[in-house]
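Presented sequentially are two complexes of chain A, the first with chain B as partner and the second with chain C.
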Partner chain A sequence: MSRVLISARGLKIRFGGVIAADGIDLDVLEGENLAIIGPNGAGKTTFLNMATGYLRPQAGTVSFLGQDITALPPRTITKLGIARAFQIPQLFLDQTVLENMMIAAAAHAGSMSAFRHLLDLPERKEVEDLLDLVGVRAFANRKAFELPEGQRKLVDIALALALKPTVLLMDEPTSGVASGEKLGLMDILTSALARQKVSSVFVEHDMDMVERYAHRVAVWSSGKIQVVGPPAEVLKNTEVREHVIGI
Partner chain B sequence: MDSTIVILAICDGISYAALVFLVSVGLSLIFGVLRIVNVAHGSLYAYGAYMAATLSLLVAPISPWLTFPALLVASVLVGAIVGGLMERFLLRPVYHLEEVLQLLITFAVFMIMDNLQRMIWGVQPIFAAEPVKLLPNISILGVNYTSYQVLLLPLVAVITLFGLRYFLRYTLAGSIIMAVTEDREAATAIGIDARRVFLITFIIGASLAALGGALASPTTSLVPGMGTDMIVLSFAVAATAGLGQIEGAAVTALMIGLARAFIIYIQPELEVLVPYLIMMLVLLIRPMGLFGVNRVRKI
Partner chain C sequence: MSGRLVSRLIIAAAIVVAAVLPIILPSWATLTTLILAKGIVVLGIIILLQAGQVSFGHAMFFGVGAYTIAFWGRYVGPGDLLLFLLLGPLIAMAFGLLIGLFVVRYREIFFGMLNLAFSMVMWSLLEKLYAFTNGADGIRVARPTLAGIAFTPEAFQYVLLYLTLGLVLVVSYGVQRYLDSPLGHMLRAIKGNETRLEYLGVSARKILLIGYVISAFLGGLGGVLVATAQQIATPEFAYWTKSGEFVFIAILGGIANAAGAFAGAAVFETVRFFASAQLANAWQLILGVVLIVIIMFAPNGLIGLRNRRKAQAEVRP
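The block that comes next holds the complex of A and B.
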């Protein structure tokens, strides 16, 4: 049985009249890609926010490898090993891809030297390997704002991997990417995760992606998790098909 | 206009511009990263000057040449200690407040520091002109001028300009500062400690103000209120250049410094007016400043 990495218990949060989480219990297991699906506004992103310290649940706890992380700030959670990739890649657009990566790697190492040249730091080799791994090494010296959306997403993933996470939480990794490029992006992404032994949680709307790349899928609807299980089973569930997928 | 006056005005303008640049680039850097207009920046200039004079008078009997390192030590001391304490205990608690409140608070800090300065150094003018006397005068087309003012001050300003740009562009710490400036949330997401970055940036900015004061100290008598003139002027330079613009601050400081120097020889009563007249004209035409761009976060 796989080890439990992130464990959410009884999470509750409401925004005004909207209940985004109403007693959520969810585990993220070692080695898996867990997809979260559900209607818009159901609270999927809210879960990512609660697991990374951006939002505090009104009740319930989130723990990571047995340690309660519910009230910790995002930065501390990142250091513990939960990295985050956002729907819109959060890159420093005025800096090159390599500089972005070096900043992340150095931030993770906790160094902040005023005298060392950014590109001469010992993390350079590791960073270049990561760029190779996601196939964007060719763009290393381009400024982040010059890259097309798909490449920017890949750099964002490489950036998250530079933080040496145990789990990577992703909000719609393929949104904004042309449909013909989605499979390619997910192939690169999942093989990079497997290679680095990083487990992942991803919020997704595209059922094709879920079916192909998730080991388990959790259906989030009206603040509750309706079903969790392997995609083959869950996506056949009539209720899920009617209410979530809309078929 | 007599050529002697032209040369004098140019020398005055350049040496004054160098000091104004140091102070305003510090103000601009702090604004670019912390998004706070620090009125108390003028106090750091004044403290830098007084501290430099105190140290200079202390070391001059040993060797007058020690007054030069004393200027530098004074700036770093004031920047790190006074600046560090100011950021940690007075600004950090108010970052989440509205800008108007932040402005009022830094103004209060300015008033308090101004009075504290009178308590520490008194109200009698202080002179510590040793460094100016040590360096020879030079003759420019027959006009004598101190090389301290016309060579050393601009040299320090130019080194600061390029040093700061190199630091922000190529070093690890500088890149991290730039990253926080561009997107604080993203920087925090990858594990950068934004609070530490704020503190370090503030200390650098404060040290630059103090350096301006320290370098000014041998050229003038130190009196209460010297910080007020400087903060208003450096604010005019930073705003005219566009807040957060480093190279822009250099060009604008030179422009305002020269304009002010010339008007002193032509129509002295307009001296105070000229910098603000320039600022007003520029901001009427380009509200983001001469070098400002319409994107908010930029240093």
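The block that comes next holds the complex of A and C.
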């Protein structure tokens, strides 16, 4: 059986009158791509925020490889091996795409030099390969703010990959990407994840993507997990079809 | 001619002017030293501005540098400029580390105001501890030796000028290297997206603290040089208007690179020098108008004017 990487137990959080997590239990297993689906406001992003230390749950624990990470800040959790890509790309807009990526690579390698040129670090080759992989190499020397939204999204994911994480949490990786390019992106992404042995969790609204790329899918509904299982089974579930997919 | 070459030629020309002009016009020797020394302090402001943070209290480190040499003269005895140039910045760095541990927890207006508060505490102490500091009268700074050699006042102003010019070159090179390094880019990333920086596993506070301590070092260095040139250290060195002046010069010159600090300081000190001679108390008015013009027409400062021309040249087919 696969090793459990991230384990959430009894996570609860409430924002005023809204219960965003009401007893979330979930394991993320080694080698899997776990999809999270559910209607808007069901608490999917909140789960990612709690798993990465951005929000502290009011009850419950998150552990990573057996270590309790509930109260740790994002940077510490990141260093342990959980990287995150965002729904709205979070880039350093005034810096070039290559500089963005090299900052990530330097952070991962611990190259905190004050004298070496950022772009002369030995990680440059790897970083350029990563940009090639996600298809934004042509934008390497453009400032991040000049990029169209879809390309920013790719850089956002590439930034997370540059950290060589054990688990990558992605919030709607294909939103903002042109619909004709979604499949291509997910093909590239999932094969890159498999090659680098990175497990992933991704929030997704496109059921086609879930069916194709997820090994398991967890269905969120009003702060609870309704059902978890292989996409083939879960997506046939009548309740899920009615409430989440809307058929 | 490439834009880069032109930039280098302009910088080389500026260095030659700074080195040669005071020989032709001796009255410019001390003024040029002051321009260069203040430019060093402004480099520190520019470092913090990379992270999007403005310190309205940075003159406190300038004051620490100046009073290091003043206290040495008063309580220890005659000293050597090389020693002061080491000691002043190091003590300023120590202060920077201590104060930095508090202020790097805050951003923007809170960062600026907390710095202001610390500097006002220092200014008050310098004013009120009369027994130690002579209060508002300040402490006279005797002309130090350099590497054990004593100079006449006339010779010393040139010695100090060329020493300062040398330090400017070293320090500018160092700061530019720092801004291009991973640490420098992470500093800019604080302005760009602090959340993402944390999600790359980097402590933004630590990165800002490193920048803050370097900028305190530069403040201390400038303080030693100015106190030596003016032969006095007064509480004014640490007063908030002095802090404002450094920020003013940074905005005037442009914060994109090290050259902006010196371009800004040159214009500021020259305008002040001539306007205060010709127009008595109207120099603030003139500088105010200059800054308004800069902000409206060249928001990236004097250096930005040059960069804008470069950008236009690149766009041309």
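Here, the second predicted complex is superposed on the first by the 247 of 247 C-alpha atoms of A that agree within 3 Å, B and C clash if a C-alpha of one lies under 4 Å from a C-alpha of the other, contacts with A are read in each partner's own complex, and residues count from 1 in each chain.
Here is the rule we go by: a residue touches a chain if its C-beta (ideal position, glycine included) is under 8 Å from a C-beta of that chain, and two chains touch if they have at least 3 such contacts.
Keep in mind that what you see is a predicted model, and the values were worked out from it rather than measured.
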### Task
Consider chain A as the common anchor and indicate whether chain B and chain C clash or fit when overlaid.
clash
### Message
Looking at A:T70 after the superposition, I want to know if it touches chain B, chain C, both of them or none. Which is it: first, second, both, neither?
### Response
neither
#### Entry: chain B versus chain C as contact partner of A:N49, first or second or both or neither
neither
### Message
One more residue to check, A:L93. First (chain B), second (chain C), both or neither?
### Response
both
### Contacts of A:T174 with chain B and chain C, given as first, second, both or neither
neither
### Message
Which partner chains sit in contact with A:S221 here, chain B, chain C, both or neither? Use first/second/both/neither.
### Response
neither
### Query
Once the two structures are fitted together, what part of chain A is touched by chain B and by chain C alike?
74-75, 78-79, 84, 86, 90-95, 99, 102-104, 106-108, 111-118, 121, 159, 163
### Message
Could you list, by residue number, the parts of chain A that touch chain B in their complex?
### Response
74-75, 78-79, 84, 86, 90-95, 99, 102-104, 106-108, 111-119, 121, 159, 162-163
### Query
Considering the complex alone, what residue numbers of chain B touch chain A?
167, 170-176, 178-179, 182-183, 185-193, 196-197, 200
### chain C contact footprint on chain A (complex, rising order)
52, 73-76, 78-79, 83-84, 86, 90-95, 99, 102-104, 106-108, 111-118, 121, 159-160, 163
### Summary
Seen from chain C, its contact residues with chain A in the complex are 177-178, 180-186, 188-189, 191-193, 195-203, 210, 214
